[in-house]
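Per-chain residue numbering starts at 1, and chain names A, B, C and D are given in the order in which the chains are listed.
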């Protein structure tokens, strides 16, 4: 009925323990459990092997233009993380694109999620199916069709078209993610706030928004990653504009400097910090309440 | 932001509000998703008089014929690789998600977060890192060559194995998350109840937990299969000319050969096949699980 | 406060005592009539209940008073002002929602303070008033907790505190006890009644539980299918229901279709389908001979012939076959079937010697003159017999 | 960028726009002095555009690493010092077809692409010329064009020599890692040695890959329309099918050679020249049947202003000066199209002088004689060959 017991949030950063999550759970007999743990550990190793490789190679001093064979240890790459001007510029451009696209997509997507989960209206079902389509369309089709659109209209490809494209594939994603979080949400709290004298705007900022905020934050984090990492759609819509992944791909034809790894590691570190802060602040809130 | 009613009898104040809330996002999707796809359909039915000329719309269905006949290998390979990667992702992702859900205790959130962290480094850099790890003179390939059926000149890079491995690796988080979410919802006292009724743990898993987590597996399968089937970067970096996928062809036809009609036809065939799969899926399981 | 249109000429009763007035209010959703011509007033400091089965329009009526719905026609007056089209946040009424609708992201204190802060009450005053109110609902130590850390009953009281702290002209309660279990519900009924006495605010209470309504209310409006069937005190509604529905909905009633034979003064002679005749009080109504009406006998008034009558004056009797006899503690629930096929229920006490009527035996059932009541509306022959049998069983 | 105006530029433009500035001061009289100041700056910025040259080139294709293009002594800095023209230098070109895909929508509508000079490979320059999308070079501004080596004068891609000048040139041949092959490689046939199965790389550049194979089959490249390249494609397809060929790549073959993923591959002279310095096992050879000679060009797509074209001419003249050309050659280690570079390198001494004797930078007459440059393909033939190549290379 209430948010706490609402739909299990399918978003990692914000996965809440289900009610009574510290109930004892069984993973079968001791043997099965041991095998399972072994598989899990191996899976984690596999997941982190390339990451380890990337981080280790930030300390490599490559002989040629490709930082892919281990030569000798150095700290120089970290002294000059922004040494490669092209790469650095592309890196910042990627951040800008992601920031703008995520902001717009969050606004649009959250509104869609609110509309779908709190109203019944004609076209409800059609809208839901329509929303899923961009998610189930291969990226290459999204990119190719936008390429055709822009080309046909004589639109010059560049930063703007890349942002437009990113917003397009993020809107559905945000809407679905926030909607999953809002499923089971008890909208009468809005009535309650209004009943207590709050005008619609105050109802939104004091009640609705704080309640859907965790869902929005989770969607924001993941869509930021999606935008930052996108290659295929960006490649079709970018024109002369290069983002970080594009620059890495293009530069790979002639060089793969250690700064690529350094910047990738920087993103990783920032992400890790966000991941640690998120649960911590949540735990604190829980502790204060308990 | 008019007051919504949750009354079963009707939604007076909500009559226009939902459309107002929907319109910015939906209009965006109409203009930048639906219209382009329609234009793509148009392009797929066009002919190009010469290489650098504008395509002319002509109800030319031959693009589809040649797309299917000339590139059937790439289509089959794409779906084969994507399918294998999906199965592998289930085989690796399910035990991991299950372990986190059952043994994670209060570290659950951290452990599931850890699954996603690798995916915050660039996809491309991760894939290039794999080329470094799997290089012919490297440790991993060295170990691989010790396997009895692998010769001393065996390699991992530039083989279907590497491409499928890359696809599995790059999309596995889309498998683990939905499975984890569906497992999280399960009350594991049910397995105790099953054990109480004389089930072995394995049987309890098969009869109780697995069926309840099926929606997660299905959602994850789609979320891995779709991007994997359209991918071309794994094939480019980890594959060989014999492992090229349909995405490679589409990309090349659009951006290198300027053969828009055929490229459009190829994209649409890919999209139609996948849409059919999605429709079959949503008919059975709804679309809710697709939100990750 | 803004639109001070005063409409004292409308309505009935003492104007200064009226908090809420519904003036011919109708609410339609498309073709569906949710509330049809509701026309009543609620007095100051009154505990007023709207009672009826789900879908009868009671919640819609409440939502119109709160401002979440607008009447299709008619007016709603609050303290004499027409508020029919005033949004909820401008109305001086507060609601306790069925599922409490506490703000899950705020502490208990912040929940209760919400209305005061919205009204820009100074912080110091907010603090004293919230704490006072938490005292009233007897949860002063919970201020720092969050709603999901409270039990259902505690959440219920917080929802009450959150609404009452604003000193509204009326408090609207939408099935506030529905989510609680039976024990807690009974405790909360008394608690609610106590609080209402303490604060002296008008309570408008919506429920589908007749016992709850009877226990707590000063007056009850019984609603069905969008219409208000009867408004009255619990006693009036129980003893003199104006329709067969009210008779059946409030408590258990044995209903028999009868035809008026004659009326002399307050005594009406009616004839049952089986040909028997009896005399019933007209309760101030005049009946035309030959009109079809309904005879109501409450189970506690129905006794075996020969046993002491419950009530004054002799009434009539009816032959029937015992179909079940269930011991329920204070009473024995005896079900019989008349030769016309109507099932009747009698609550027999020890003095009635229930042991002497085995199942299957024939017996004569009888009631006193004032043990029966005439409902001016007819019922269909197949509706004859006891109503709300489930209620009868669970209530016992 | 346009706000960064050198002091000199600022003075010049302010003087030139004196009349306008006076007018704006008058207008600004009611708006306060602050505004008149900003309008002058804006005028200065506008004036700077004429003194800026935009050049979009391939990555790592000029002296100084890309983060330090304007560092002390770099060609771009020297050029600015000499002429006052600042070069807005970008490294946006990664692939000829990709470049074409990007500029085609603009040039086909007659809109400027934003770069005054771009550096397509000769055959792409030829295509742009055929499509009528190039401006004539201001050869009057380029007296140093006389220094152009004879073999690159009036190439088939630009028969009159009025639309393109070579930027750098190079050979495509066979690059190999001797520690992997264990032997010398001398012919294209050597690549098909079963011992190297799965360890042979090809270039995604169709003309170089097909060119080398075609020459090994005795097919001429200089009159392509008269030739049938089907045997070369068939050979390539056969070797792809039997797994001999591992991958088709761009310059990243360099990495595969180093990592031992490749035994040998089709490669470019300049890359190997650089690589061989740190890894002597890596060798470059022009196969006995001959290699290809290619060159990247400087061209001016239509849409540039007269001032921009003039500035472009000055730049071309500057890099055709043997001293400046030698500085670039020392860094990029490709074949310079400018006569006299060898002498200039010798004068520089040290490592630079050693380059002067490098066969990869200054191939001898017999090597040069074995090289062929692709003639211009007809649109239809090019399309057919591109498609065939894409099909075989799995793209």
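Everything that follows uses one rule, which is that a residue touches a chain if its C-beta (ideal position, glycine included) is under 8 Å from a C-beta of that chain, and two chains touch if they have at least 3 such contacts.
Here the structure is a predicted model, which means the values were calculated and not measured.
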{"item": "Chain A to chain D, fewest steps along touching chains", "value": "1"}
{"item": "Longest centre-to-centre distance from chain C, chain (CA-based)", "value": "D"}
{"item": "By number of C-beta contact pairs, the top two chains", "value": "A-B"}
{"item": "Chain at the geometric heart of the assembly (C-alpha centres)", "value": "A"}
{"item": "Chain B and chain D: spacing of chain centres that average the CA atoms, whole Å", "value": "39"}
{"item": "Centre-to-centre distance between chain D and chain C (centres being mean Cα positions), rounded to whole Å", "value": "91"}
{"item": "Computed distance of Cα centres, chain C from chain B, in Å", "value": "58"}
{"item": "Separation of chain A from chain C, taking each centre as the mean of its C-alpha atoms, in whole Å", "value": "54"}
{"item": "Contacts with 2+ other chains: residues of chain B", "value": "3, 5, 132, 135, 251, 255"}
{"item": "Per-residue multi-chain contacts in chain A, two or more chains", "value": "68-69, 188, 191, 194, 200, 252, 256"}
{"item": "Residues of chain D whose C-beta touches two or more other chains", "value": "95, 259"}
{"item": "Chain A partner contacts - residues on chain C that touch it in the complex", "value": "66-68, 87-90, 93-95, 97-99, 101-105, 107, 114-115, 118-119, 144-149, 162-163, 166"}
{"item": "Residue ranges of chain A in contact with chain B within the complex", "value": "8-13, 15, 17-18, 21-23, 25-29, 32-33, 36-37, 39-40, 43-44, 46-51, 53-54, 57, 68-69, 107-109, 111-112, 114-116, 118-121, 127-142, 144-149, 152, 164-165, 167-168, 171-173, 175-177, 179-180, 183, 187-188, 190-191, 194, 200-201, 203-204, 208, 222, 225, 228-229, 231-232, 235-236, 244-245, 248-249, 252, 256, 260-261, 264-265, 267-268, 271-272, 275, 279"}
{"item": "Chain D to chain B touching residues, read off their complex", "value": "95, 97-98, 101, 104, 108, 131, 197-199, 240-241, 243, 245-248, 259-261, 379-380, 382-383, 386-387, 390-395"}
{"item": "Complex contacts: residues of chain B adjacent to chain D", "value": "50-52, 70, 132, 135-138, 153, 155, 157-158, 235, 239-244, 248-249, 251-253, 255-259"}
{"item": "Chain D-touching residues of chain A, taken from the complex the two chains share", "value": "63-66, 68-69, 83-86, 151, 154, 156-157, 239-240, 242, 250-256"}
